[in-house]
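Note that the chains are named A, B, C and D in the order they appear, and that numbering of residues resets to 1 at the start of each chain.
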Amino acid sequence: MAATAKPIQSIHAQEAEDDLRENLLFDPRPRSEINSMVMESMQTAGWKFWAVTTFVALFVLVALFGVWIYLILNGMGVTGTDRPIYWGVFLSNTVFWIGISHTGAFVAALLRVIKTNFHHAITRVAEFMAVFGIIQTGLSVFFHLGRVWRSYWLIPFPNERGLWPDFHSPLSWDFMAITTYMIVSGLYLILPLIPDLAMLRDHSTGWRKNLYRILALGFRGTEDEWKHLRAAIKIFSFAMIPIMVSVTTVVSWDFAMATRPGWSSTVFGPFFVVGAFHSGVAALVALLALIRITMKNMKYFIRPETFDSLGKLMLIISMAWAYLYFNDYIVPWYGGTSLDRLLLKFHETGPFAPMFYLMLTFNAVIPWALLWNKKIRRSPWVMFIIGLLIVIGMWFERFLIVPGSLTISANPFTWRIYQISWVEVSLTLGTVAFFALLYLLASRFLPFISPWEVQEGQESHTIRKVGKAGLPSASDID
Amino acid sequence: MTTKTKIPEVAVSQSTTDQGKWGMVIDQDICTGCQACVAACAMENNVSFVGEDDIAYGRGMHWIRIERFWKGDYPKVASSYQPMLCQQCGHAPCEPVCPVYAAVHSASEDLNLQVYNRCVGTRYCANNCPYQVRTFNWRDYARPEPLSNQLNPDVTVRQRGVMEKCTFCIQRINAVEDKAASENRQINDGEMLPACAQACPADAITFGRIDDPNSKVSQKARDGRGFMALEELGTLPRITYLKGGSLHGSNG
Amino acid sequence: MSDDGMTLLALFQEVDPAAEAVEKLREMGVADERMNVVSGVPFKEEILGRPRVRTHVPMFALGGAIAGFALAVFLIWGVPFLYPLYVGGQPMFPVPPLLVVGFELIMLGMLTATFLGVFVDSRFPSYEPKFYVPEISDGEIAVFFDCPAGMQAKFEKAMQSLGAESVRTVEAQEL
Amino acid sequence: MSKQISRRDFLKLAGVGAATTAVLTGCGPASRYVTREPYTKMPEYNYNGLSTFYATTCRECAAGCGLVVRTMQGRAIKVEGNVNNPVNLGKTCARGQATLHGMYNPDRVTDPIHHVSRGSSNGDKMDWDAATQVVADALSKNKPEEIAFLMGMAPDHLFDLVTDLTKSLGAPAPVRFGALSMFEARATLGQAAKDVLGQDGLPFFDVAGSDMVFSFGANFLETWLSPVAYTRNYAKMRRGNPDRRGYFVQFEARMSQTGINADEWIPIVPGTEGAVALAIGRLVAEAKGTSLPAVFSGVDVKAVAQDSGVSVDTLTHLAGLFANAANALAIPGGVALGQSNGLQTAEAVLALNAFTGNFGKPGGVYLSTLAPLADQYHRPANIKEMQDFINTLKSGSIKVLFVHGVNPIFELPKSLGFADALAKVPQVISFATFPDETAMQSDYVFPDHHGLESWGYQKVATGAGPSVLSGAQPVVSPFYNTHATVDVLLAAAQKAGGALASALSFKDEVEYLQSKLNALLTEADSYFSAPEINTFMADFQQYGGWWKTKDGLVAPSGVDVLGKSLKIDPAQFNGSGQYYLIPFVSPVLGDAGANKPWLQEVPDPNTTVTWNSWVEINPATADQLGIDNDDVVLIKSDAGSVEASVYKYPAIRPDTIAIPFGQGHTAYGRYAANRGINPADLLGPSLNGAGDLAFAGMKVSIEKTGKKKVLARLESIMGVYGTPQN
């Protein structure tokens, strides 16, 4: 939207108005056009798309499920875990994926609750990230179990021998928390989807029509249906925020409860929550940039304006993360036992030192150096790169926390240094590929943008003339 | 729902006593580090051998190991041997963290039990053990025929994915208790010996009832040289080590 | 809708004419129950001047929360009672784990119940024929109302005067 | 795990339900069943689930510890010590515990085989009649002087039989050799005992009664002479007497497992132990203010301090300790005697004892009790006698060589040339239980039972107060188609006929044993007595041997060594390298433990390394040479070269390196073959005064090879040594 030449005196007003037009909600289109744009983005798929999808699907089949069966048959010996590093990359993957998954639901819920003006296009992508991320979390937990074919004993079901799981254990809380979050994030994805399925039902033909007709559950859009739906979405949005915080904290308690140097610290709860949020927002930005570039018509929905707002959020969160990391660093550095201090020195000078410094640069230095600049925040390519770096940086951080800190145990005779094995690399990449595969398949069947939410947003935001300038006004229409 | 009979011997109210029931005293002054206990323990409890590569990567299955640290530099260098095994802690950090009750505390024997068939292999207990004396079956380690003839029928052979640790030779404790019960008498002091104590040529390992004040192990535990490994962590270990003289250079 | 007359449909592009139409219909004697506004975007009842819709979803949520907490209490304190095993230094009936698992299960109960509440309240999934036109999902606002026999022309004229895009009789059809 | 059990295994596992397990003995027509006596009077039937205990003797080394083996349904489950046997009083060492991994080893010789060509692993199976015929022909068809027997140090009953056989045949007496006797330098100990204690025999050092022990290189807590007995006595020395704690000083260039237990470790230059002993003797005399005996008069303390690397004030401090001690004891041992001046060192150290007059006193030096059935102490062959034996083999005069219980190709240094000598012998018959190197190089292998499957006795040479004859009975019926060598020889003797048949006219091994044990019926103050041989045999089997109730340690008369002037000539080291080489017997593997998987898994006490060999180098020296942990270095001596991974060992002299003996097999089963290196390849043929090998008299050079081989340590380098390395 290049600004056209205008008379000087009213240039400011007009420019301000053009800037406003940048925002999706102040550049409304008729609903039918939005519907067709979304439908078009779903249906048109060249051979290149299917080639990529089949390749990723094959990779997932081999690198994830094939290698997993190899792991189950041969036991944990094929991975890099040993004594005293009993938890390896699979656990850091679990924390990594639960971080990304949580932020999906959290972003969708938080932005709905505080009614921002940029979340309407991105809530569906975020909810997908939540559901697909929690699937990878579940997988990573099962990779990690030594006898996965006995892991159903974690479920508290009554059995004839009267055996029950032990709820003193953080892992049982973990099981409860992750199951809760898996169910809840699934439901949170389905609810706002129902109206879109109704729209798809009306506009598609053939087998798609039958599919959407069944999925839409007979939704029409009567006042009752909208009223119940919106009440439910309001409850979900308010509930998702404490759930996200609690489930991430429970996952962090797996480590905080252990009496290991470097793990048993009181700051792990908030530290993991902010870490999850940091990696999640970065992943969301990267995903949105990717969707904007690859899918049709997405340039209208996902705008530089969105990246600008998310960029500000990323800057704030990276500062919060840095603060909490420093908090987790200085306490053992200053007053910790000799083992704690040795662990810090091990992180800074040991074999994982490059990873340690890369983590700090990716997670804090780069965001602080770049994200204050509006131009950078608005360019999707740069934001994609920054997002990806932060995601990698956070994976490093989890790697340093789980296998990196297990080297130093209370008994120096048994200290070992972790060496990652090909099985773990393959399963890690496998989960990433499976995450991407789920997105690729979802893009063919489910809309990435929620037309009714976009329209609802556009209806409730108008430009009001105040004096010479057009100013944004938001009404609580929904 | 069929009415389930409550397990009589497990009384919910009985928590572990602080000092415990079965205990051990290891005199580091006379332990010569000859590894007889390591071999005896492996032969008694069907511990599998893992081979060179897995030991190089820190996956030895030894239930008891002799730890050797150095003090001082050449030529004034000294060292001593400390046999390290499961301390059967009263407040064991490994027990609460197991999600499937595989690491539990036996109320009747006041020992830390490892229930092999219940373990799903999360390995949290091993992470949480400060002494790092729990070993994990990383693989199904080969036991070529006819070595299986040597397996002790009283001890389970463990599958891959299961955690295992020193049990104070619980199979011997049960055998001795059954024998004493069948002859309706108390267990005599010294009648119950784990494989390591029975094999130790220097008699450095004394085993017995530490809740009985005049048992041999209690008397030895009261020796001025007694200390407990990582006592400050509050795990209430049941093994008392007697400090060796050689670490202090001259004889005073 | 009613069986003696027929059901008329008035389609509007904008909210304001739709609100006027509802007002007009009410004046012309169509009772609120006889009318039904279906839109592609949620509008508060007061925007269209419609009577307040009571929703039971919060009640479901509360029920679910209580059920979740009950399950949590069973797991944390019931399980050690049923399967009493003493684990290192921890009390048999601890409180903190109850708070942790309790919160998780309260949330689980609440949100699943909310979800079910939506289904129950909106009587999903229902696939029998309904009064619906595909244009609704294109942003049109559809006002369905019962028109007593013979009054159809009068209503049509009233609706067109208020800017209805089209007015026609409609039968309940498969969605 | 659950393999489909073959019918034959099923029979074995089910355990023959007879009252007490019956054992087929002998293999000729006259074989008969002999009942075995369980350890304690068990119920007369064999319950499933109840285990039966049998007493026997451990054959992992020649100390002759008594064992009680728990068996269940025909399977040996666990080995424990025999509480009544005075040698080990119910205790066992690591090798004794792992003996079952020898019996049930996957790589045992299962049938008598005839090697098509020597060295090839495939051989065609034979049946035992043909095998006995081969032995009979070998005995009858060759002239007596063309027959040679090479035996190990255990079991003694086979050695007695072969001695009788060779005597009746007129053939040369059997030669006994064992790597342990080589590294303990037993001939030197015997010779020194003769020179100083006045009688030939194995000295016994009463560590238990001593309160000040100076050990010159003797690793008596590892594999020296009778390790379980010496460990028990060491514990008594430390904590046996509540108001007195024994003090222990170790003189050795490399701190061994025994050295770590010492209160003071004196890193002495190899070869100067004798001089240091004399210097201490002189300083003790000065401290006590008595007249200076002649033996210590010629020693210049400053010069000794200069050569030995032990400062003068340390010597005076040690002399002070020795002088003030009530029962001071000095022990010459292993590495100190493995020098060219080894005999003089032994005499100097024994002179130190003579000076404190502790001969025949508690905490002093005795001569070991004479074992039952033994007229006098027969020591194994020293290396000089082995060289003569090898020369006779090379001369081609020997037509048939019988080998049992020893593996000279692996145990003897290559420089002695036993392998070429073996090639000169037309027929070599081995009775090995495991396919070791010597068995592979023999024409026939007629496998003997494993130690726990065989009868016999072991005359305990040292370690026990009373005179002990440790007895052995099969604890399980033999697992493979093996026959006791005594049975084979008896059957062959019958087949050979003539004087031999009449001399050895015993039906089977048990009858032969009973003929030997007859002499013990009338012995005074014996542990159990029996009117006739069958009852005696039952008790002998049930108690696991026969021993006296009273101590029989011989108080040495002592030669006036103090009057003699004893000159210690400096030790000669051949080899141009600048590092002393200390080969030491691995305290875990011993000389023949490499094929037992669990022994390979048990870590070395000092370095915690498992499953391989290593070379210990002082960290300072390693840094100088630019070598780090796990670097592979080439070690060259005059006699050969080996490559080994480096272990930076803090407790070793900078000019010395050490390599464990026990690994480096080329055969001997899957767990031993091609694993680690054999330091014997580096040893030259030089001897010491008593004809023992000067195995510590080598100087070697070290070169980096640039290769890396990670050592399988149980410890963490980072945790113990601080460098962040795995």
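Everything that follows uses one rule, which is that a residue touches a chain if its C-beta (ideal position, glycine included) is under 8 Å from a C-beta of that chain, and two chains touch if they have at least 3 such contacts.
This one's a predicted model, so the numbers in the text were calculated from it and none came from an experiment.
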Can you figure out the chain closest to the middle, judged by Cα centres?
B
Could you compare the number of C-beta pairs in contact for A-C with that for A-D and name the larger?
A-C
Where the centres are mean C-alpha positions, what is the separation of chain A from chain C, in Å?
30
Distance between the centres, which are taken as Cα means, of chain D and chain A, whole angstrom:
68
Roughly how far is chain C from chain D, centre to centre by C-alpha average, rounded to an integer in Å?
91
Report the inter-chain centroid distance for chain B and chain D in whole angstrom, where each centroid is the mean of the CA atoms.
32
If you look at chain C, which of its residues touch at least two other chains?
80, 83, 85, 87, 90
Overlap residues in chain B, where contacts from two or more other chains coincide
57-58, 60, 65, 67, 69, 93, 96, 98, 101
Listed in rising order, chain D residues that touch 2 or more other chains are 715-716, 720, 726
Mapping chain-to-chain touches, which pattern fits: line, ring, star, complete or other?
other
Touching chain combinations (by label order):
A-B, A-C, A-D, B-C, B-D
Can you name the residues of chain C that touch chain A in the complex?
15, 36-45, 47-48, 50, 53, 55, 57-58, 61, 75-76, 79-80, 82-83, 85, 87, 90, 94, 97, 100-101, 103-105, 107-108, 110-112, 114-115, 117-119, 121-122, 124-128, 130-132, 134, 136-139, 175
Of chain C, residues touching chain B in the complex:
80-81, 83-90, 92
Once bound in the complex, which stretches of chain A touch chain B?
74-78, 81-84, 86-87, 144-148, 150-151, 153-154, 162-166, 168-172, 175, 254, 257-260, 406, 409-414, 416, 419
Quick check: in the complex, which residue numbers of chain B touch chain C?
10, 12, 14-16, 89-96, 98, 101, 103-105, 107, 112, 235
State the interface residues of chain A toward chain D in the complex, per the touch definition above.
346, 349-351, 407, 411-417, 419
